[in-house]
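Labels for the chains are A, B, C and D, by order of writing; each one numbers its residues from 1.
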Amino acid sequence: MARFLFRRLLQLLFTLIGISILSWIIITQAPGSPIALTMDPKVSPKIIEQMEKNYDLDKPIYQQYFLWLKKLFTGKLYSFKDGRPVLEKIAERIWNTLLLNLVATLIIFSLAIPLGVFSARRPYSFLDNLGTFGAYLGLSIPGFWLAYLVILATVKLFGYPVLGLRSFVIEGLSTPEIVLDRIWHLLLPASIMAIHGIAGLSRYTRSSMLEVVRQDYIRTAKSKGLSEEVVYYKHALRNALLPIITLFGFLIPGLIGGSIIMESVFAWPGIGRLAYQAVLARDYPVVMTILTISAVLTLIGNFIADLLYGVADPRIRYQ
Amino acid sequence: MRHPLLEVRSLTTHFFTEDGIVRAVEDVSFEIYPGEILCLVGESGCGKSVTGLSILKLIPIPPGQIVRGEILFNGRDLLKLSEKEMEGVRGNEISMIFQEPMTSLNPVFTIGDQIMEAIQLHQKLNKRDARKKAIEMLDRVKIPSPEKRIDSYPHQLSGGMRQRAMIAMALSCQPKLLIADEPTTALDVTIQAEVLRLLREIQREMEMSVMLITHDLGVVSEVGDRVAVMYAGRIVEYGPIEDIFHEMRHPYTRGLLESIPQLEVKKTRLNAIPGQVPNPLNLPEGCKFHPRCPLRIEDCRREEPPLFEVKEGHYSRCLRWKECR
Amino acid sequence: MNERGMTSQIKFFWKYFKRNRLAVGGLTIILIIFIVAGTAPFLAPYDPGKTDVSLKLKPPSLKHYLGTDQLGRDVFSRMLYGARISLSVGFVAVGISIFIGILVGAIAGYYGRWVDSLLMRLVDIMFCFPTFFLILTVVALLGPSIFNIMVIIGLTSWMGTARFVRAEFLSLKERDFVQAARALGLNDRRIIFRHILPNALAPVFVTATLDVATAILVEAGLSFLGFGVQPPAPSWGNILTEGRTYIFDAWWLTVFPGLAILLTVLSFNLVGEGLRDSLDPRLRGRR
Amino acid sequence: MRIKTLLLFFPLLFLILLGINIIFVSSRPTPIVNQLIISSIGDASYLNPVLAQDSASSDINSLVFNGLIKYNRDLQGFVGDLAESWEIRPGPEPEITFYLRRGVLWHDGKPFSAEDVKFTFDKIMDEKTQTVRRSDYELVKKVEVVDPYTFRVIYRQPFSPGLGTWGIGILPKHLLEKEDINTSSFNRNPVGTGPFRFVEWVSDEKIVLEANPRYFEGRPHLDRIIYRIIPETSLSEMELLTKGVDHYGVLPHQYRRMSEIPFLKIYSQPSLAYTYIGYNLRNPLFQDKRVRRALTHAIHREEIVQYVLYGFGRMISGPFPSHLWYYNPNVKPLPYDPEKAKKLLAEAGWRDTDGDGVLDKEGKPFRFKLITNSGNDIRRDVGVLVQRQLRELGIDVIFETYEWSVFLKNFINAKHFDACILGWSLSPDPDDYMIWHSSQIEKGFNFISYVNPEADRLWEEGRKEYDLERRRKIYWRIHELIAEDQPYTFLFSPIGISALQKKFVLLERDSSGRETYRPIQMEKAGLMYDLIKWYVPRGPVMEK
């Protein structure tokens, strides 16, 4: 176990260095400058040169890389856009993103697994085929398009605000109503973000169930006189869910990428939007840090997935 | 004459696949008497496993379907029972063990859980008693330190141990009939013998009947009372073990027997049966064995021969059974 | 694999594939879209770039089947041409990704040892990046042109292919026919491309189909953020993006391109799954 | 079956939650609150007038901070803000003396004085400060604190736009003295002297301000102002409809629909901006004035205004916004006249000699690349239309868009372009020296490399002249010169439209303390010029 951990950590470190170097290369090789973004006729070019110098942009690229690393670890890395510590900017938004993604994940798992399990119960029945088609529809729908249509529909139907973390005119609301308002603002974007996941995971669960149902031990369980229900929901389900647990770990990489569009559409103040704005503004410190952090989260996610799998599958635990 | 425990009459099981109908079991009849071991023998794909599964109605439906026949168990036709009633039979009155001990146990439950499940279900014991009973069963199948082993997961056991656990599980409710589908095939030779011996021992102790499905005539000779030889979904020869081994009346049985390597007889070459098992989707007309048969005549092509009674309790499905020795 | 073997394999595959009605439906739609894209100049009633501002934002009618946009361009004609762009983005991007994936996977799997570890580490690193964000960043930094978009999507999506091509190679290279080819002294390139690769192609084909669907969606997403194929070139993504400003005034600008993307992506997904079902022997005859 | 129930439980829970929410949402009316919610596309960056560059930050800074002076409601002169009055002593080294208002308090209760003004100036001039404002003060020779309420600026040379630069928000010395201004937490927790004081900033979500009860012109009537950040313009409209936003910048095509919504009032006002096509005069193609004039004649600007801007734009003939005093109304825009354009081009030697539909001269086709930045829908549509219009004349235009920073760095600043669609957003002062003077070609904003010695001289003169009438003459002449040269094709000056919920009124108290409600008016200086008088009455307001 210790050796396994050590190996994993070493691997992690190696991957991390690779990630930071690669992203640094990508960013600094790009044309465009973070400073010359304003086209204000009252700004003289001398000032812009001075500003670039203040950001170390005149130094060689490799030096900039090490400066970035040093600043990141000493907490002295500031955003070009508003001069605030990058980590602070990320920290104040990450909870919003995590909340949104957590809810989306909960929706995915609580809807997709039952959907997949029930579909696989009667494969190729009408309902299963309907589910299959629905899942492909869900996988194929452009999320932002759907979001637009949904926002339009809800505003027309209910005339109630949908954008942002909460409603802004909340005078006269009781506490439970404020909670409901928050939930409403959370549920809509999370559900739309979840659609892809629901579609994918329900397919995955379904095929996993179908695979397991053909296993010998299912026949054994039946031969003991267990009812179909018990065999299906106890013996088969447990085995089918094993690989699904690992998917928890793979949710994280999609977190930031998947959030960019939805957070912009729903005016959700999270990491995805920060990342997008930073890209637009050539805010190198922020882009780099977000890329690195999400890579770290991914690595941690994979690691957790491995551990989870070990907990869930007795065959792994004792090896 | 004793009443048979199980009487299978004209059992016919087909699989309706998109490529056509697979007639896996066609018009199979036999009976098993209390306390005896009936061996169902044949090459793989001959329908012997399907026969076993059909008795417990464990055929995957669809594509499988039991087309006709009767399976009388203690006089009750199992085919007429509802699924609910069938659940009361499986594991309780009739149990089954399978070929692959590696894959036939659920990897995510301990063997104790899996044994207790059947006990709790059929004997309505509480958890503690069920556990006690499970330990007892493990002890009975000679698994060392059963109190510890009961909490093991299948992958922590060796193949032989696993098969013992399977047997313990199958026998935990004292069934009257055990269907053992190639129980030793996947095991090492030495362990095979042990497991067989165990099976025989317990069978005697519990006065239980066993339907032993195997392709291995060596196994049959060791434990069988009577033998049914299957080929292409049909029983081609059926009778007491001595008759089958010494007075076989079907060329297929003979072929099978000749292909067993026998240590005492010095033969340079095994007499394997020429040709291949026919495609189940496209069985030959007439006698299904005729393309491979050394004794075939024109009539064999034309129609399927019925089971001829060679002598009392010994049947053969060969037109030329008299010539076959 | 000889030619007859190939044909019979295709026949065999088709037999299973055609049972999947959804997949056949998807294939039909893809073929139609292909034909439409190929013959867009003949089918389009108008020049897709022709502006006539006096006709702007007209709802669908017999003259303009799908209405007109804010500059009076015919949406139907633009969508026909848009099919070309969306499909090319999908296919070229996937072509690049498959090429790299096969190359990396084959080299890693065939040579093994340090080459393998090095390449697989690279795959790990690439996998850690949040793909969409990475694509967005690079496209934004290099400037969004159709060429850049195709290349970047290709460069960031080859890892899956590489992984399973490698896995196939690891198992295939131990097989008899490869050992025999080696014993005959055939060179590595020949062994890789003539002997092993054809056997590993089936799953590549499946992912490629599914990846085309993803690539089309990614292009649409980039368009939405303003980094898609740049106007005035009409890709479905940017017709949709330009149109969303007018969502209250001209629903057809948003709805039709969205549906076109949905339908195309759906078709590729259905075909991909159909391929998977019929190419994977384990799943065969399941129905 | 326990597991099966569990499997059903979660989807059911989800549906119930959704159901409860829908019931809640569809049953709640929006209450009327005495506050203003403004939607903004982007988040602010620095709530510090010295560092802020973006419009979101500037909007908020103007409510939290005061300058010494501010433009009057017609943008034609100044009124005092923190300064009660000021004096300009002309000469080769002119002096401006500001007499500051007494008794002004910072939001934290500390008194404001001339030291704060000097501090602000020093910070701007500090090279370490990341500010673009420094260029405004480069001609300042020195500043003096004469006494706590008198502040003097001495210029190195006459510089009339200099007065306007003292409208910059003044920072509190006592809070920033010991801080690194670039990274100080002050930039997120500003303390100013303005009518509203800062309460809360949730990144990318909202910035909340509340009425400053000690404001020197009296407490604003509104209790609160909230800036909401909604990145998608087409969706912030949804919030307007659900009353989650009170004020919204309307896009031209939305105007008609918005004006039909009963609870909204729509305002419009010409802006201080214009959009143009700039021709790179280093490119031989555009060096001939006739060619440039021909291009302007060939571009159907009325059509652009009518269809792209839905009429919400004005054609302009020169580099100034048409509603301000320095715009020369005698110069008329070149009319749309393709025939004239053809003639001019033919005069310049451009004819279609090979019959391929594209004009050519000395074997070279008339072909150029028109570029603009991506993300601006109006410029994109203009580009598409111009491309079409010019093609009809036999000019082959390749139209491309680039992401803003690439566009600037690789094309505009590198002067690596043929023609570009861009716009200028100007300050009310006409001094556009940095855009047009030939000294600004190398590193300034004269990226089209425009040279006109007479205009150069006039730009220099204009910034030295303090008298409005004399300045007007200078700029009118500049306007004529540039209109003649057509280095740009001036396309239009857009008209800004905004929608406001009808609940707001102007509350005025006369000397006897009687309150009257007046409708809110659009001023040249903007809708919110009188923001401190805005009020939301409890009951319904009668429309006139």
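The rule we apply is simple: a residue touches a chain if its C-beta (ideal position, glycine included) is under 8 Å from a C-beta of that chain, and two chains touch if they have at least 3 such contacts.
Quick caveat: nothing in here was measured; it's all calculated off a predicted structure.
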From chain D, which chain is the farthest off, judged by mean CA positions? B
Indicate, using Cα centroids, the chain positioned nearest the centre of all protein chains shown. A
Here the gap between chain C and chain D, centre to centre from mean Cα coordinates and rounded to Å, is 43
Please compute the C-alpha centroid of chain B, do the same for chain C, then give the distance between them in whole Å. 52
Hey, how far is the Cα centre of chain B from the one of chain D, in Å? 88
Two or more other chains touching the same residue: where does that happen in chain C? 140-141, 143, 244, 247-248, 287
Multi-chain contact sites of chain D, meaning residues that touch two or more partners: 403, 406
Would you mind listing the residues of chain A that make contact with two or more other chains? 31-32, 148, 152, 264, 280, 282
Flag every residue of chain C that touches chain D in the complex, lowest number first. 49-51, 53-54, 56-57, 70-72, 140-141, 143-144, 226-227, 230-232, 242, 244-249
Chain A-facing residues of chain C, complex: 22, 121-122, 124-125, 127-134, 136-138, 140-143, 213, 217, 220-221, 224-225, 240, 244, 247-248, 254-255, 258, 261-262, 265-266, 269-270, 273, 286-287
Name, in rising order, each residue of chain D that touches chain A in their complex. 1, 3-4, 7-8, 10-11, 13-14, 17-18, 20-22, 24-26, 28, 30-31, 33, 37, 42-46, 51, 53, 127-128, 130-136, 138, 182-183, 187-188, 202-206, 226, 228-232, 235-236, 238-239, 241-245, 403-406, 408-410, 413, 422, 424, 426-427, 432, 434-435, 443-445
Residue set of chain B touching chain A in the complex reads 53, 56, 58, 83-84, 87-92, 95-96, 98, 100, 103-109, 114, 117-118, 121-122, 153, 155-156, 166, 169-170
Chain A residues within the chain B interface of the complex: 215-217, 219-228, 235, 238-239, 242, 312-315, 318
